[in-house]
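Each of the two complexes below includes chain A, the first together with chain B, the second together with chain C.
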Partner chain A sequence: MNVLEIKDLSIRFHTDTGVVQAVNHIDLNLKQGETLGLVGETGAGKTTTALGVLNLVQSPPGEITSGEIVYKGKDMLKLKKHEMHAIRGGEISMIFQDPMTALNPVLTVGEQITEVISLHQTCSKAEATRHMVDMLEKVRIPAQRADDYPHQFSGGMKQRVVIAMALACHPKLIIADEPTTALDVTIQAQVLDMINQLKKESDTSLLLITHDLGVVAESCERAAIMYAGEIVEMGSVEDIFDHTAHPYTKGLFNSIPSLDKEIERLKPIEGLMPDPTNLPKGCKFHPRCPFALELPVCSQEEPRNFEVTPGHFVKCHRCSNWAETLTMEEKEGEDNG
Partner chain B sequence: MTKYIFRRILMLIPVLIGVVVIIFTINFFSKVSPAVLLVGANATPELLAAKEAELGIDRPYLVQLASYFWNIIAHGTLGTSYVYRQPVWDLISVRLLVTIKIGFCAAMFSAIIGIPLGILAAVKQNSIFDYASTIVAIVMAALPSFWVCLMLMLFFGMQLKVVPISGLPNWKGYLMPIIATGMMPVAMTMRMTRSSMLEVIRQDYIRTARAKGLKESTVIFKHALKNALIPVLTVVGMNLGLSMTGSVISETIFNIPGLGLLMNNSIAQKDFITTQGCVLVAAIIVCVMNLVTDLAYAFVDPRIKAQYSSGRRPPKKSGKEAAA
Partner chain C sequence: MINRRAIIVETPRTPLSGMEDGQRHGQFYLMTRRFTRNKMAVVALVFLVALILSAIFSDYLTPYDSSKQDLSARFLYPSLAHLMGTDDFGRDIFTRVLEGGRISLLVSVISVGISTVLAVVLGSIAGYFGGTVDNVIMRVMDIFIAIPGLLMAMAISAALGTGLVNTAIALAVSAVAPLVRQIRSSILLLKNQEFIEASKAFGAGDARIIITHVLHNIMAPLIVQISLRLGDTIMAIAGLSFLGLGVQPPTPEWGNMVAAGRDYIRQFWPIVTFPGVAVAVTMLAFNLLGDGLRDAMDPRMKR
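Moving on, here comes the complex of A and B:
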């Protein structure tokens, strides 16, 4: 059963320099208990998508121009204010990217966690406090630190506080926006483990936003690759890692240093991400795509979403028919061999 | 914390010495002898010299300055007024309370009006209300204080006859001076609250608060306001000091028996020793208000509190320059 279904979501920002097309007609769904990785470069629209789910896009300048976000059969974008408030933090909660700025500097961490508990659960103040202490201990922060302010914690501890806050009400869906990006590598693994463990305890779904393919391989069941506000490839982790179909995804893999191959230089994707106020016609990736020259259609027409194998969607003209894709993969195999 | 307060009070001493030296020097070299006004313009030079000797203003600069300080330190007096023949402190003490009342009320008036309007302007950024309040604030800040006083007097005193035109016959007498003094601070407080609030509501922790499912009003008043108030406190604290001591114009126009009027009259009458006393008291008030403001930060922001108690220098030394 799908917990979350995003259909045809588009988000625009109206700025002085033009309309930023941050998210363009994306479709995404997430099953109960599943972890979906949303991968892409900085500026691909990952965070905006996540904020869109909770209807937290700052407006103005942001605006959700089209689409539906269906959570448990209800369109989140059509909910009344109080219904939305009940879902935010209670059923869907979010872990933000930068723990340094995500906590309010003038409230103690205890207050900030207790606040969300008493907001969504009918319980006395004492019960809320007890629950808060439980949560802190779950993320391995001693209870006596509840009365401390965020500036008295290290970055990793702050991120754990943010996680405790997000998980305090046993949400059905967690949106984790690059939860490990701001942290040291040693703490990254710890934090990921913690999220996964807490997730398993309460059969929660997780939308994990990251630009780290390693993190995806480790903790996700499915992955969606985002480029210039579009999902260019989506499928199970095996589909994405072993049967990579979209040239952009291939480019991403080529730019990861590999331990078992002896390569002197990495192969970064040529060119830069297009200006989101002025996206190219046709396929958004065609100016950087090594195959675009072969197919004139790339710069003319926007590709459809092709389902190359069940559950594996690719937005590329080269996948317009199954046979072609096969030959492509064979060719790729020869190249590698 | 106590150590910090003690150190700040110690630091008042050089500031006050500086204030006294400056005002004394200006008076000393003003070329007008206070004795001239007391003995009359047609008096003989002998009479004038005798009067100057009586007042002690015929002595050299350093001797007079030293004796002024000595009187304060050893005898705790600010000298005797040339004109009123009364101790200067007696003149000030009966007037001080009136000025403090007006200044305090004006500062509170500015905070009570300015902060909510500033919040509203920030929350409804780029709305008609935002633009209207900006225009009103600019007008309020640009109008000269004496003109505002006269217009208030003309309209509320003469036309509507709801407040007394001059003096303090009853509590209503306070209203116009408070409004006239508070006008500029209202504008300053409002603009500062607006810009500070606008900055805060774009912070990540406000997004976190929204993501928790809090109502917008809770987000604004619990999470944003406390953070936004820190720079606003600086302005309110400065206004407290300024309006308690800067009411010379409104007190003179409305004929309010306060420190400002005494200062104005003593300057007109060349009663320099009274002027010095008034300026010194005003300087003490401004310095104390700055200290109170700095301490108020600690109650709003735990980070600053931590710095006070750890004995480190706090980050902001707001308005110390203004005090000097």
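Moving on, here comes the complex of A and C:
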């Protein structure tokens, strides 16, 4: 059963320099208990999508111009204010990117966790406090530190506090917006392990936003690759990693330096992300795509979502003829071998 | 792919400084400790407490009546019988300074109370919601700011008439606009911070965010402002009364005492000096207290 279904979601920002097309007609769904990785460069629209799910896109300047976000059969965009407040934090929670700024500096961490609990559960203060202590212990923070302020914690501990807040009301869906980006590598692994473990315990779904393919490989069952506000490729982690189909995804993998080979330079994807106020016609990736010259249609027409194998969607003209792509892939395989 | 499953190091919790003895203190204790380290602020606080107590109990502190005239005892220099001497009607200046303090404190507390409540409401609405509401509120405030504070207070007290409450209202109205601006600008800085967005994502409504998150965060600067405003208002009351628009004689008030005594300033110094010093010292005390509170209330201060 799908916990979350995003259909044809578009989000625009009206700014002085023009209309920023941050998210363009994306479709996404998430099953109960599943972890979906949403991968893309900075500015690809990942965070905007996440905020869109909670209907938190600031308006103005932001505006959700089309689409539906269906959570358990209800369209989130048509909910009343109080229904929305009940869902936020109660059913869908968000873990923010930077734990340094996601906590209120003048309230103790205990007060902040208790606040989330009392927002969603009718219980006495004592019960809320007990629950808060449980949550702290779940994220391995000793209970006596509940009266400390955020500045008395390290970055990793703060992120664990944020996780405790996010999980306090047993949400059905957690949106983690680059939860490890602001942390150093050993703490990253620790925090990811903790999210995964707590998620498994409570059978929660997780939408994991990241720009780190390593994180996706470790934690996710499925992944969606975003580029310029579109999902260009979506499928199981095996589909994405072993049967990469979209040229952008390939570029991403090629740009990861290999440990085995001695190389002089990194291999970035040529060019830059297009200006979101002025997206190119046709396929958004064609100005940077190494295959665009072979097919004139790339700069003319926007590609459809092709389902190349069941559950593996690719938004690329080359996939209209899957057989041809396969042969190319084999050729590449030979080259690499 | 780089192996991300690096060894997870459980960092042992290092005790925070000041907690080596294993004792854990309440936040109020820590705040008090930080406050008492600032000697000037403690002196100021002691002075203000003494001033408040003496204002309340002034009737019992001196044997004289503040309005009782004794023409046989005019222009007496300070002595044990008259600590600050007597004025041109033979009234005891010490008694009048104490009682003048009562009026000044009362009026300034009322006035700052009114202006703070108004400013917090208007400032948080303007800052938090923004847009048209913000524009309307702030343009009205701009009109108020365009008129000099004392001039406006004079105009309002001239319109409302003199007296304690009217003086308080006049000063409150003239003080609202700058305070609204300050509160609004602190809120503008705050509202785009991630923890505000985070609390929205955790399902908090606007009212709750404003009260628990926004106002909590501007509390420290607000208290400092209140303390400074109290000092300023005492000065402004004295100013208005000096001009004859505030508290009217024979009710003793520092400003009108200076005004009444200014004819004798060359011949008899105590009559203007003591009320003048009272205004200056009280203002200084409020400022020092404000500074001390600001340092003590910020939980991020690590001293």
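Some points to look at:
In this text, the second predicted complex is superposed on the first by the 335 of 337 C-alpha atoms of A that agree within 3 Å, B and C clash if a C-alpha of one lies under 4 Å from a C-alpha of the other, contacts with A are read in each partner's own complex, and residues count from 1 in each chain.
The rule is short, and it goes like this: a residue touches a chain if its C-beta (ideal position, glycine included) is under 8 Å from a C-beta of that chain, and two chains touch if they have at least 3 such contacts.
What you are looking at is a predicted structure, and each value in this text was computed from that prediction instead of being measured.
Once chain A is used to superpose the two complexes, chain B occupies space that clashes with chain C. Of the two partner chains placed around the shared chain by superposition, chain B and chain C are both touched by A:N104.
By the touch criterion stated above, A:A223 is placed in contact with neither chain B nor chain C.
Which of chain B and chain C touches more residues of chain A: that partner is C. By the touch criterion stated above, A:V116 is placed in contact with chain B and with chain C alike.
Judged by the touch definition given at the top, the superposed model places A:F96 against both chain B and chain C. Look at A:A86: by the touch rule set out above, it reaches both chain B and chain C.
In the superposition on chain A, contact of A:H151 is made with both chain B and chain C.
Contacts of chain A with chain B, set against its contacts with chain C after fitting on chain A, overlap at residues 54, 56, 85-90, 93-94, 96, 98, 101-108, 115-116, 119-120, 149, 151-152, 162, 165. On chain A, the positions that touch chain C within their shared complex are 54, 56, 81, 85-90, 93-94, 96-98, 101-108, 115-116, 119-120, 142, 144, 147, 149, 151-152, 154, 162, 165-166, 185-186, 188-190, 192-193, 213-215, 217-218, 256, 259.
Of all residues in chain A, only 51, 54, 56, 58, 60, 84-90, 93-94, 96, 98, 101-108, 115-116, 119-120, 149, 151-152, 162, 165 touch chain B in the complex they form.
By the touch criterion given at the top, residues 126, 202-205, 207-215, 222-223, 226-227, 300-303, 306 of chain B touch chain A in their complex.
Those residues of chain C whose C-beta lies close enough to touch chain A in the complex are 1-2, 4-9, 11, 13, 16, 24, 26-27, 193-195, 197-205, 208, 212-213, 216-217, 219-220, 299-300.
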